[in-house]
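Paired with chain B in one complex and with chain C in the other, chain A is shared by the two complexes that follow.
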Partner chain A sequence: MSSEEREVYEKKILDKIVDIILDNLASAIDRVRPGWKTRNEARIEEFKLTLYALNRSPPGLLGLSLVVFFILIALIGPYIAPFSYDMPLVLCDQRAYLAPPGSTITIRDGSLCSDVYGIKPGNYTLILGADDFGRDLFSRILYGARTSLVVAVMVMVLGPLIGITLGLISGYRGGVIDEVIMRLTDVFIAFPGLILAIAFSAVLPDRVSGLLTSFPPLASISLALFSLKPEHVGSLANLLSVVIALWIVWWPGYARVVRGMVLSTRENVYVEAARAIGVPTYAILFRHILPNILGPILVFLTLDFGGVILVEAGLSFLGLGAVPPIADWGRIVYDGAEYFPRAWWLVFFPGLATLLAVLGFNLIGDSLRDILDPKTRRKIEFKVKGRR
Partner chain B sequence: MLWLADLKRFLFRRALTFIPTVIGVTFLVFFIAAVLPADPAKLWAGGEKANPQVVENIRREYRLDRPIWEQYLFFIKNAVTNQIVSPVSHNKVWEDLARRLPVTMQLTILAFTFIVFIGIPLGILSALKRDSIIDMIVRILALLGVSTPVFWLAYLLIFVFFTRLGWITLAGTPIAPYTITGIPLIDSIIKLDLETFRQVIERYWLPSLVLAYANIGVIARLVRNSFLDALSSDFVEFIDARGLPRYRKYLHVLKNAMVPVITVLGLTFGGLLAGAPITETVFGLPGVGRYLIDSIRFYDYLTLMGGVLLIALIYVTVNLLVDISYAIIDPRVRY
Partner chain C sequence: MPVNEGCDPIIEVRDLYINFYTYAGVVKAIDGVSFTVCRGETYCLVGETGCGKTVTSKALTKLIQAPGRIEKGKIIYYPEPGNPVDIISVSEDEIRKIRGKEIAYIFQDPSAALDPLYTIGHHIAETMTAHRLVKSMKEGFREAIKYLKRALMPEPEEKVKSYPHELSGGMKQRGVIATSLSTKPKVIVADEPTTAVDVTIQAQIMKLLRDLKSEEGLTLILITHNMGLVAEMCDRVAIMYAGRIIEEGLVFDIFKNPRHPYTRALLNAVINPLFKVSKLESIPGTVPDLIRPPRGCRFHPRCPFFSEVCYNRPPNFIIGRNHKVACWLYRDNALGVED
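And now, the complex of A and B:
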């Protein structure tokens, strides 16, 4: 498609942003692997169209803004938080104990907080209140976004990858390998997901902490990722256990779905052609089959990203995973529930934050499903491109 | 009788995959023990300061000094003969779980009832009135359902119905003065005992609704899409041509639309079991889910394994039943 043709339909500002980002990204890849851009022209175009369509769906846009906001908070939250996640303000002002939203506390000059913890003396408004240690809820929710995002990214990087790879092999190879992989999948699917995750996040921490002591770099990288203080290195084992538990739970669904899609895709002539000219199996799987089933997988990935955040909050609400004073949305509710309904803010705001973050991913996933559905795809394409 | 032969073959094949799955499930449950902390015996004996002789006894009693496959056989033998004894409470694990199972069953049965009797009508309604306000509400409900943290919703509703309105009780669990199935909800229906039934509903309606909430919208959306799919199939044209009344047409469509819904309802059951720990914790119901969480707190790993095994076995059995009923209803699945 030439550039004049593309100019025919009206572009919104968001579309232009998409263009700039994708064009630069494509050029960057092109520089590393010459010829990549021309070879994948059609694919890039198709991807742009998907994003244009997303720009025109109000729920999709709402979801996109929620997700962007969530990621932004997770990235910069720890730096803009007024207090550290574990700062017990009751040490300096009694009024911080279970302070309701909007209450003001005073840090006096020469007090513990100003001298030891380096907080500037003065009046502070705790906009979302504080917990029973006088820890600022607003700061903890900002830090909690980081915890949620890092766990979700870690889970989503490996879990689906295992599932997709096994599904590809199983569907393409067939025979005994297929049978073995599918029976294995059956076993994992036989457990309601959360139950297995509960069991493994309960028994794993000891092993994980052993692993962390033998690989100090792993511990320091994780500390930086979760934005934790070095003295809380002990809590890492519990957080990482949840990640491992969710890896165990999160792959079988992908294996099954991908296998089904491969079964129908592998009969296509282009796969046969690739096989005929001697393309190696892994290349057929990852270059010829995978790109053609990527659409539905993308929808699952988006929806599951929200799902992981939700399940992680649920696990930490049950007392698994994050340990105090780590800021984690589920854990804040678990600890705050003791004071419910008197200190309602400790339950209400972290839960609301979880809801909004998860809703964002679900809104995007839902719109993507409509956009990527082959039945409605062309209709949307015409709508986006407008009349020629 | 070709039909029956077909069905028999299907059942046989299905059983062939069922048995390896159950064996695999026991392996995976046992694997939980394999990643246990280095020395659970010391924990069970009372921590670091425990008497070494006691630790040694516990280790021998639970075969922790034996090779791993022997431990597995020991676990399976005990599971079958009801000899798994909790090292913490010294009770038999199956008996402890059996005492708590009725609570979880009542919770899931009621939640399931909510899903069926709210979700399916909502779905049909939103398919019949496509792109209307109802359709929109169902869509939002489905989205919110999969986005809301269950515990958060539970606390909001407790605030409204308990703290503000005082409509519900959060203490005690009603028991029936007689046992038929052991589940008061079902027993009271069999005995037509309205008083016990009322008590059970009073205690359980809100927790069940919270548990069902995540699935109601999802099922409604599924029914809607499936209904619309069925509505566009060829037989509908034939029905129209024959001039059958509208409700007869929709009845036919509904029958066809329900086929995929049944499978998902079977899977939903697993989701409800998985949601039980959180719901039971918030509402203070002494069910299996809450018991699992408590057992973790006391390092009672055998109870944890027993509970996980129990839930998985219930779930695979339900799925087996769903598949079989599915094959009976719809001859096409018996490929």
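And now, the complex of A and C:
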């Protein structure tokens, strides 16, 4: 009895917040579509328990907050940045040259900056300092988050899709098709991904810029996505080349892992049963096999998100991808290294930003397995409901 | 004397050979199986584990997958009398229209045959949408309730929304049966439908299948190793041993007058619950290795009546109306030999 009493679990504050948010959300949907709440009661309950599980995992929470913060910065960063990413403040104030964090600069009325670039005259504090052109590091890091996120999202949308599809076909079909796809995968895996990506992103820009000039909407959409000024359209080719290069090298891991999981999943009787009732192959693959292996794939995807950010930063550090004055964390580090350790902030802060973003995705990925495990939900359910 | 007198065939299997190409060698799993299933009857395939019952049933809609391969033979399906469809030669798209729609399966283990991620209703609706019997999944769900009712699922309106893990074994099997019924198939292949459920549920499921069969005019192909079930359910029985049908006949003849030494031994091994026996009967020897099967009659190494002639493969001797046996013992008093 006493031990049971100790086991009884009280809801955390976070759990209560989850309850309030979800209950209100459900009632709101219920008003628009009557009966929705009762129909989906079990689903809401499970979702709550999933979030409770997240609340019970400190690394997961930390990871989630880092990732949410990163995405938020990437989305609104360009709008809240005090200066544009390419604003050379040295033109207006000599003190901006390699200004250390916290230094103050003055924009005078009638100067180039206020008349041509439309910056309000007055004193500005550069909280993270500035580089050799006097570009505000804080603003550049905010813009850099956008670059990282857009590249990572673009890569993660198509790369794994190619890999997962090939893996599904390979594992399900078997035979010659499997052999061909897997040997191709072997070739890509045997060759270091980063080096392959370097090769591709060095070769591709010419082709991509040709494509961009012949197809202007693509250029304007990409400009908006990366939040770049129209005059930097030339640099898009480099950024998109990195995306394409990463698509090319990013699928083999997925193809291999998915194939392995398909090999075991396709032996399940429900797959055979689906065949026996005449379900077409594509439906078996995407409705019966893929959802059943989605858990591990989801974990892999999350972990990989950080990987893409890291590789992208690595490529621009090597001088591929973003070219100045485009803001990119890897590139800022590369350009700042010249002044290291005198201007340590040029290396430290973008490095720190990269570290935190990647760490966030890795922490989520690590705790996602526990959170998605139905057994964790059941355990928490017993604890939470014991008190009700 | 004609065999299968007055039979309107719905499925005809002629000289079927299926091999499995494994690392250990070529497994000759099905070795010249021929049989005919008549429209509206219950046909049983009986035999011990690994004798090829399931493989035969899967071959009926070409469900054999690598490393298995149908080597030769003919499987002919008659959707209507006198309208043959050659199953072996039709394309994958064509066979998919037959799978589920014309010939439906009920698998051995209902908990494995249901995808854990989808509700019972979803399975039924998916089957119907795959064959374009309903326009949307939503309509499929409504229809699903009807078929669950048909399969005697308790509270069908509730259970249609249940996931497999929320149901008992018997309920799952009813769900699977409802899935097979939903396309109004002409043939249902039930592969050991009661092995995974307990005896009381077994009785219910078998009664359900029998009722459905008589109401819908189905043809039922029942695969089992339960002799009690065979006696209860079947019209005709084929006994399989090591990839061949060794005896076929009306259920009454088989039980009353088993001819093949293996059939006799098999029936001897059935326990009579009314008598206490000191020792359970068994058949001496082991099931042959199908990679290197015995020459001639595949039962000869375990047969008490073995003679030199058994090194030759026995033909099907016709020994009575609808009764065939593949054993040399009957060569002298057979009424004929099936071609």
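Criterion: the second predicted complex is superposed on the first by the 317 of 388 C-alpha atoms of A that agree within 3 Å, B and C clash if a C-alpha of one lies under 4 Å from a C-alpha of the other, contacts with A are read in each partner's own complex, and residues count from 1 in each chain.
Methods note: a residue touches a chain if its C-beta (ideal position, glycine included) is under 8 Å from a C-beta of that chain, and two chains touch if they have at least 3 such contacts.
As the structure is a prediction and not an experimental result, all values here were calculated from the model.
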{"item": "Superposed partners chain B and chain C on chain A - clash or fit", "value": "fit"}
{"item": "Touching partner for A:Tyr270 - first (chain B), second (chain C), both, neither", "value": "second"}
{"item": "Partner chain(s) touched by A:Tyr117 [first = chain B, second = chain C, both, neither]", "value": "neither"}
{"item": "First (chain B), second (chain C), both or neither touched by A:Tyr339", "value": "neither"}
{"item": "First, second, both or neither for A:Leu363, with chain B first and chain C second", "value": "first"}
{"item": "First, second, both or neither for A:Phe133, with chain B first and chain C second", "value": "neither"}
{"item": "Per-residue touch tally on chain A - higher for chain B or for chain C", "value": "B"}
{"item": "Which superposed partner A:Ala283 touches (first chain B, second chain C, both, neither)", "value": "second"}
{"item": "Chain B and chain C, minimum CA distance [Å, superposed model]", "value": "10"}
{"item": "Intersection of chain A interface sets (partners chain B, chain C)", "value": "none"}
{"item": "Of chain A, residues touching chain B in the complex", "value": "183-184, 186-188, 190-196, 198-200, 202-204, 206-207, 303, 306-307, 310, 313-314, 317-320, 329-330, 333, 337, 340-341, 344, 347-348, 350-352, 354-355, 358-359, 362-363, 366"}
{"item": "Touching residues (chain side chain C, partner chain A) in the complex", "value": "61, 63, 66, 96-101, 104-105, 107-109, 112-117, 126-127, 130-131, 176, 179-180, 183"}
{"item": "Chain A contact footprint on chain B (complex, rising order)", "value": "17, 20-22, 24-25, 27-28, 32-33, 35-38, 143-144, 146-152, 155-156, 158-159, 163, 270-271, 273-275, 277-278, 281-282, 292-293, 296-297, 301, 304-305, 308, 311-312, 315-316, 319"}
{"item": "Complex contacts: residues of chain A adjacent to chain C", "value": "174-175, 268-270, 272-280, 283, 287-288, 291-292"}
